[in-house]
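See the structures that follow.
Below are two complexes that have subunit A in common, paired first with subunit B and then with subunit C.
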Partner chain A sequence: MSRARVYRPTMRGWWERHPAYRRYLLREGSSVLLGLYALWLLAGLLALAAGEAAYQGWRDLHGSPWLFGLHLAALLAAAYHAVTWFRLLPLTLPVLRWRGRRPTDRAVVRGAWVVSVALSGGVWLYLLGGVR
Partner chain B sequence: MRRSHEPPLWLLFGAGGLLAALLAPALILLTGVVMPVAAEHGIEVLDYHASRELFARPVVGVPVALALGLVLCHAAHRIYHTLRDLGIPAGRGTWWVCYGGAGVAGLLGVGAVVALWW
Partner chain C sequence: MSESQRITLAVQRFHPEQDAEPRWQRYAVPYTPDMSVLEGLQYIKDHLDGSLTFRWSCRMAICGSCGCMIDGEPELACHVFLRDYAPGPVWVSALDHFPVQRDLVIDQSDFLEKLETVHAYLIPAGERTAAEGTYRQTPEQMTDYYAYAQCINCLLCYAACPQYGWHPDFVGPGALALLQRYNLDSRDAGSELRHAVVDAEQGVWSCTLVGHCSEVCPKGVDPARAINQNKPGSSARYLLDWLRPGRRRQEGSE
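After this line comes the complex of A and B, so read on.
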């Protein structure tokens, strides 16, 4: 006797079924470029510890078209990461109170962007030596 | 029941993701675009002596190294789980490569910063 045929939905190719699934994959994929960038900065730190020649070599590599292009791709990935991360912030944050009231989701997202711009500006000024 | 180690990993993932969202675009723009373009015009941004002086400060170097480790934990978490979502068999070995690699990289960064103190 043959076994009963059971319908088993498969998950194969699930990303082809909806644009939101592809956006999800794109979001998760942005972490690959972010991770590579973090590793590259780590290489820079190690080169800095190794000495002037090593660090200068690391810096000079940034002029190569390949690495420049990779950095542009990483910049896009980081921007996409930031947009998606802040958009989800109202869902992932614990309940916030501001003057006894809960801020709207919109206010939370805007606040995150304000913090991001302020921190980024501070880091730029600090790294470029404007503030010592 | 075996306790899951997912919650602490999720915390590291979240911290790294938040850090990356707040700062990564500005940093990539600075080191990946501004630095090489400025160098072509003879302006040295983040040159050896300035960088060394900057990162040898414990209040700068150590947090930067730890932040790199956190962002790598974030990437490790997403890469590991996305491999599984895609149906690619990712078992203990992949788990160790992802999270272990992030941890080792973070420690390496701290080691590099500590080496700057001498």
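After this line comes the complex of A and C, so read on.
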């Protein structure tokens, strides 16, 4: 009789085991598109530094349907990432108290959205003012 | 209530001396609407196959012994009903991510060793004599940690954590939730002692907030929150260490 031993399960195909794992991969994966978009913006900035012709060339590339598709995908990924990020925000905060009470998760998420929209709106208004 | 209803339980079998890896075995079990999956397993053991091995004790979701994967979901077998899986088959296997000793019995010694490292007990700021009275706490202060105190060490959260599956060094959701239970207790002054566990690579930073641990917890403990509540403080300590290299060297030399 052989010696008693244990069976050690593997992680092969782990994402197939539960939809929660696939949602997690989608959430984390959406940041890849955000990273690509940031690189694209950085390329534009470098083109701007290189001179007017280079910057115009970078801008002209935007006529391509491929790039339009990528921008649309990045926008959707950014929206999805933002929604999930704000949803997880209450889990990552230490225990908060406000007037002797702990704010609900919903209040924290809503507050974060309000601050985010206000800041984004501020930047938007500043940029519009700059263009004018 | 019809006694003639039957459901198939497909149970993962593993005999350490005969099997190289687990195999599935099916059993047709008569059931009534009030029967839990655990009672189905007990029926198999009592009437169909006495060699089927599984842990159980209280039958009421408090001892944390009968955790297993049921249709791919970590569950307490006593906490789910056969009727909800009709017409079946119900797939029952050992808790994921743990070494399997036999059939549905896993080796939980890794968790027990980790539990010993997190100082999961009250460490008061100073000794008190009986004459000085008890350590008092308001109901409001108790709400800070009460949910985390509900942990029954059933290990469903470990079976729901792919990070633990990948990196068995990770202290893991259950033990870290118990750590946070004492960190948040107003009578406790041992947080600093627990920083070494929290701040380590195998501590809260091995968690990537998959979040499934909190979804499967049968006691509503929310380990994902317990772990991630520690990240702001841990980041601050890392930053302070970085700003004061002398201190970092001191701690590193322990």
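We take it that the second predicted complex is superposed on the first by the 122 of 132 C-alpha atoms of A that agree within 3 Å, B and C clash if a C-alpha of one lies under 4 Å from a C-alpha of the other, contacts with A are read in each partner's own complex, and residues count from 1 in each chain.
The rule is simple: a contact is a pair of C-beta atoms (placed from the backbone, for glycine too) under 8 Å apart; a residue touches a chain by one contact, two chains touch by 3 or more.
This structure is a prediction, so every number in the text was calculated from the model and none was measured.
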item	value
Partner chain(s) touched by A:H18 [first = subunit B, second = subunit C, both, neither]	second
Contacts of A:Q56 with subunit B and subunit C, given as first, second, both or neither	first
Partner chain in contact with A:V6 - subunit B first, subunit C second, else both or neither	second
First (subunit B), second (subunit C), both or neither touched by A:S31	first
Touched partner set for A:V123, first subunit B, second subunit C, both or neither	first
Touched subunit A residues, subunit B compared with subunit C	B
First (subunit B), second (subunit C), both or neither touched by A:R102	second
Which of subunit B and subunit C A:T92 touches, first, second, both or neither	both
Doubly contacted subunit A residues - partners subunit C and subunit B	11, 28, 92
In the complex, subunit A residues that touch subunit C	1-9, 11, 14, 17-18, 20-21, 24, 28, 88, 90-95, 100, 102
Footprint of subunit A on subunit B - complex, ascending	14, 17-18, 20-33, 35-36, 39-40, 45-48, 50-52, 54-55, 64-65, 68, 71-72, 74-79, 81-82, 85-87, 105, 108-109, 111-113, 115-116
Subunit A to subunit B touching residues, read off their complex	11-12, 15, 25, 28-29, 31-32, 34-35, 37-39, 41-42, 44-46, 48-49, 52, 55-56, 59-60, 62-63, 67-68, 70-72, 74-75, 78-79, 81-82, 85-86, 92, 112, 115-116, 119-121, 123-124, 127-129
Complex interface listing, subunit C residues touching subunit A	14, 16-17, 19, 21-22, 72-73, 94, 96-101, 107, 140, 143-144, 160, 162, 165-166, 184, 208-212, 215, 222, 224-225, 228-229, 231-233
